[in-house]
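Both complexes below contain subunit A, partnered by subunit B and then by subunit C.
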Partner chain A sequence: MDLKDKLISSFMAFENKVDVEHPVHDIRSEAIKNFEEKGFPSKKEEAWKYTSLRSLQKVDFSIFPKESNTLEYKEIKKYFLHEIDTYKIVFVDGIYSSFLSETTHDGVDICLMSAALTKPMYKQVIDMYFNKVASKEESLTTLNTAFSREGAFIYIPKNKMPRKPVEILHFSTGNEASIMLQPRNLIVAEENAELQVIERHQSLTSNEVLTNCVTEIFAAERAIVDYYKIQNDAKTASLIDNTYIDQKSNSVVKVHTFSFGGKLTRNNLNFYQNGEYIDSTMKGVTILGYKQHVDHHTLVHHIEPNCESHQDYKGIYGENSTGVFNGKIIVDKIAQKTNAFQQNNNILISDKATINTKPQLEIFADDVKCSHGCTIGQLDEEALFYLQSRGIPKKEARALLMYAFANNVLESVRITELKTRINKLIAEKLGVRLGFDL
Partner chain B sequence: MLKINNLHAGIEGNEILKGINLEVKAGEVHAIMGPNGSGKSTLAAVIAGKEEYEVSEGSVVLEGENLEDASPEERAHKGIFLSFQYPVEIPGVSVTNFMKTAINETRKAKGLEDMPANEMLKMIREKSELLDIDRKFLSRSLNEGFSGGEKKRNEIFQLAMLEPKLAILDETDSGLDIDALRIVANGVNKLKSKDNAVIVITHYQRLLDYIIPDFVHVLHEGKIVKSGTKELAHELEDKGYDWIKQETAV
Partner chain C sequence: MAYTEEELKKELETKEYEYGFYTDIESDTFPVGLNEEIVIAISKKKEEPEWMTAWRLESFKAWKEMVEPEWANVTYEKPDFQAISYYSAPNSKPKYDSLDEVDPELLDTFKKLGISLDEQKKLAGVAVDIVMDSVSVATTFKKTLAEKGIIFCSISEAIREHPELVKMYIGSVVPQRDNFYAALNSAVFSDGSFCYIPKGVRCPMELSTYFRINQAGTGQFERTLVIADEGSYVSYLEGCTAPSRDENQLHAAVVELIALDNAEIKYSTVQNWYPGNKEGKGGVYNFVTKRGICHKNAKISWTQVETGSAVTWKYPSCILKGDNSIGEFYSIAVTNNHQQADTGTKMIHIGKNTRSTIISKGISAGKSQNSYRGLVQVNSRAKNARNFSQCDSLLMGNECGAHTFPYIEVKNKTAQIEHEATTSKIGEDQIFYCNQRGIETEKAIALIVNGFSKEVLNKLPMEFAVEAQKLLEISLEGSVG
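And now, the complex of A and B:
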């Protein structure tokens, strides 16, 4: 049985486990119908031209994890931003781990999707926001919707800000030969609220993992959301990340994606600007080797006038790695005075590495500023000579130049400890000790 | 200190240096002048070991050691410093961190431990005071957004920090106004000693009013066609390069 059939036939068993009376039940049923009709996307589709899911579909993934696998904090401490205090929502093989988590209901709700979906006190929020910005057409998103049960639920009321950043961590233990996870996150920042989130998926063994994650983020008027995705997973772990962001007037949402690991990673990042004077920022650093593959698909839909969007993705591709950047910007006819910037710069450090980069601009308004630029290059030989002539060996000089290349993406990281951590990850990924204070 | 014997070098099959002979002793300042395209910057790059250039004949010998197989970083470790005409911008790496990396990599190559942080800070303070460099300047990203004058001052600051035996200043005067030129020249003069040597590469004589050379060499079509003392530089300033070209044509 292929993965699609397995998922569809598992849906009934899944439904029997969860509350069929719940309003979400209808949403799930609609969603599975859409997935059944469309199935997994194939390379024939333009949006999936460079990313094949075929080999993943041949893996016999467990869809329902066995209950309660445990982990000791000390085994996994390094995956947390342990230098600072954070709220933590931790899942082990898709099951919430209360032992490893630190949630709160003190003025803000930082807790679980399963609780939000079942408790009456959250009904209003769920009715208002759940599955409201996520696509009802895109097959993998609807697959996630069909199986949506667990994940992070964060609700920040008007004028509130949690005392500390929130970490969402998904661990897979490898207790099953191969596992498919489908976390579903809902994040709501009401008017003038502020929030910082760090999300990470981490497989702890070399057993195969496929995560199909959907995150919905709602930023109301003047809300500020910083979202950091750390993708430094094991070489046998694949991630399809579907993030949908709905922004209202004067809100600022920044998503940073650091892609350093994994087997296959697909990031579908979608911004919808439903208001004026909105700022949407997408930044990414991708450093790959081996046969790793990362595909960044971004969409910014400028629906109203006077908004901005900024995209800056940097990629360094080594060995047999492959990368894709596809940045789509739509500016509606009424969205005058839009400023949309998009930049994608890549360095290929191996003859066998590949990058496919494609800007896609659909502009229907006439008074807008839109710019885009893609570059693919090697390291600058003159710069390399400059560093070497100062006594820095070639290998370190290359690392320093790559570090410098990626650096401006890190400038907007507002959590200092996270920035240091990412700097260290970059140095580690480049395989050298940079020899200076980061 | 430095002996260049019958050096032939070029790039992609084009020979640019066609038999250079030059000896530089400790404590000396040599100026290499010449018209555009005469091979001045190539000579500087070849001494510093730039890999694109192929040496087809002859040798560059530093303190008795043939540098033939030495990489640019090994040459730097042995005490060669090249001040670039167009220093490269490195965003995200401060001047201070860059110098720490350069110094510690050089120490590592010599089998030494990293320089202790307090010693490093002291050295940075001393050298920046010597060259009258604002401390704020040192925390800026290397060469990023620097003016022409700032870039050249930064090159001299690196020279001061790395304390090379042989400093080659490639067109350090280009793009500098007279005040910046004076500051840069003063810096070089303060760093000069009986144990080190300087090669000044320049198109114009004006830098040599501030950095007084012991010897002046004229490079033309890849060869040193005339050598003399600082008076030669004045003569070139008055007469231009044409008379040299005519003289060598004969």
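And now, the complex of A and C:
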């Protein structure tokens, strides 16, 4: 039985586990119908031209995790940003681990999707925001919607700001042969609210994992949201990450994506600017090796005038890895005075690595400043020679140059400890100890 | 008195397509529809050898199995392929030894087009092959060229007289099954130009073809084949016009360029097919497949100025097969009113040290949509490939759209690819600056647009550059509002 049939038949079993009377269930039923009709996207679709999901569909994933898998904190401590205090929402094989987590209801709500979907006190928020910006057409998003039950739920009321950043961690233990996880996150920042989130998916074994994650982020007037995605998973873990962001006037949302690991990673990052004077930033560093495949798909839809968007993606591709970047900017007719910038720079360090990039602009307004730039090249031989002539070994010299290449993406990371952590990850990925304190 | 924008707008709206006239020449037109008999009849009419008929039928068979592509960023009513006449020839004697024998009315047409043959002969030094409703009418300067061993004639003549060359190269760059329109063209092409430059010869003059669709309800399917043998050079010009008509006419051409070792081909197009009226009615569908192959150290340079057609769908491409070969693409695409253009290029790097440059300038005005769609592909063996692409769009008015779809696929670490694109409008400060110095708005716009497209205009041969500049002005007059 292929994965699609399995998922559709599992939906009935899933219905026994959730409250089918709840209005959210109508959304789920609608969503599964869409998925049933469309199925998994194939390479024939323009958006999936360079990424094939065929091999994943052949894996016999278990859809529902066993009820209890526990982990010791010390086993997984290194995956936390343990240098500073954070709120933590931790899932083990898709099940919430209250033992490892630290949630709050003190002024702000940092808790669980399952709670939000069932408790009456959250009904209003769910009615207002759940599945409101996520696509109702895109098949993998609707697949997630159909099985949406668990994930992170963060609600920051007007003029509030949580005392510390929030970490969302998904662990898979590999106690089952192969597992498919479908976390669903909802993040709402009301007027003037501010929030920082770090999200990470981590597989702890070499068993196959497929995560199809959907995150909806709503930033109301003047809200500020910083979202960091760390993708440094095991070589057998695949991730399809769909993020939908709805911004209102004067809000600022920044999404940083650090892709260093995993087998197949697909990031669908969608920004919808529903207001004026909005600032949307998406930045990414991708460093790949082995046979890894990362596909970044971004969409910025400029719907109202006077907004800005900034994109900066850097990629370093080694061995047999493949990188894809597809950045789409749509500027509507009324969205005059839009400034949209997009930059995608890549370094290929192996003959077997491939990069496919397609920066795309669709512009219907005339008074705009839009640009995109894209480069593919190598390390500068002269710079390398300069460093070597000063006694820096070739390997370190190369790493230094690559580090410098990726560095300006890190500049906008506002959590110092996170920046340090990512620097370490980069150094690790490049296989060197950089001679300065990161 | 100051020339206000209102007046300008009015003038533009009432401005008719300059080349819109219809010459009443008796012509020999086939019944509408397409089937094997028609394909055979076309072949027979052209007195073609058997292999050519077979080749056409093979293409027709392939075409029947294909479906019309829909991926382009254009919307249009699909042509009914059974409602088109696939052959229409001006009904005069098929060959002329001198201009005197040509139907005077036909000569008048060309005079109106501004390419009177005798004038051309004397002044421009351009050898012209004119294809009117798909049949090649006259080739001037044939004798001068023949002395150098250059063959420049209609493709039907080439099929009859130089079958070995045609057989060897036709379909070698654009195979019959390449795409829907290429297959259709391969089956029913009625004429076109053929050019062969022998080894080491530098063609002494610009070669030129003029295409024109005259008869109503006909499609034009011409086929151009240019072969530059080792170490030769040719510059080839192509111009296109059609009279105004209400229904949409179809133009599906195939151009194949072959640049053998050390050869260079420069191919320039000024396309000004009828774009339809200001409500978007009528106009030509321009679905063209153009591709060239470069062998060792060869160079192909495409330059195009696209101002006409209701719908344009065109990607002049270079296959850089030989080591050290060079591909260039310079394009200006202007769309106004309801025109739609989806145009760009493909640069396929296969050989080592191959280089390509893409400069594309899109200008959209009125309610038009202008897309750049390009592919730069570096294969795993293409060491030290180099590409620079730049696509800039200029928007005039808030009802038009500019789109870019650049695909970049790289499989070699030594490749160096740069791509940049910008979209903006004409700056008010720029216009103000000109106004302040006594240059009226309309002139100022022309000046700015010319500056914007200068890089491409500079690549055109002299005679064409002047015409192209004029065309830009006509297409854009008063479109800033």
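The definition used in the following text is that the second predicted complex is superposed on the first by the 438 of 438 C-alpha atoms of A that agree within 3 Å, B and C clash if a C-alpha of one lies under 4 Å from a C-alpha of the other, contacts with A are read in each partner's own complex, and residues count from 1 in each chain.
Methods note: contacts are C-beta pairs under 8 Å (C-beta built on N, C-alpha and C of every residue); 3 or more make two chains touch, one makes a residue touch a chain.
These numbers come from a predicted model, not from an experiment.
With both complexes brought onto subunit A, simultaneous placement of subunit B and subunit C is permitted, the two fitting side by side without a clash.
Between subunit B and subunit C, more residues of subunit A are touched by C.
Touch criterion not met for A:18: it reaches neither subunit B nor subunit C. Once chain A of one complex is fitted onto chain A of the other, the partner contacts of A:393 are limited to subunit B, with no touch recorded for subunit C. In the superposed pair of complexes, A:8 makes contact with neither subunit B nor subunit C.
Applying the stated contact rule after C-alpha superposition, one finds that A:401 touches subunit B and leaves subunit C untouched. Of the two partner chains placed by superposition, A:47 touches none, neither subunit B nor subunit C. Legend: residue contacts after superposition of the two complexes on their common chain; A:76 is shown touching neither subunit B nor subunit C. Applying the stated contact rule after C-alpha superposition, one finds that A:376 touches subunit C and leaves subunit B untouched. Contact with neither subunit B nor subunit C is seen for A:95 once the two complexes are overlaid on the shared chain.
Between subunit B and subunit C, the smallest C-alpha to C-alpha distance in the superposed model amounts to 14 Å.
If you check the complex, the residues on subunit A that touch subunit C are 46, 333, 336, 346, 348-378.
By the touch rule above, subunit C contacts subunit A in their complex via residues 71, 380, 393, 395-425. Put simply, subunit B touches subunit A in their complex at residues 45, 48-52, 71-73, 75-77, 80-82, 84, 86-88, 90-93, 97-98, 100-106, 109, 114, 158, 162. Of all the residues in subunit A, the ones that touch subunit B in their complex are 380-383, 385-394, 396-397, 400-401, 403-404, 407-408, 410-411, 434-437.
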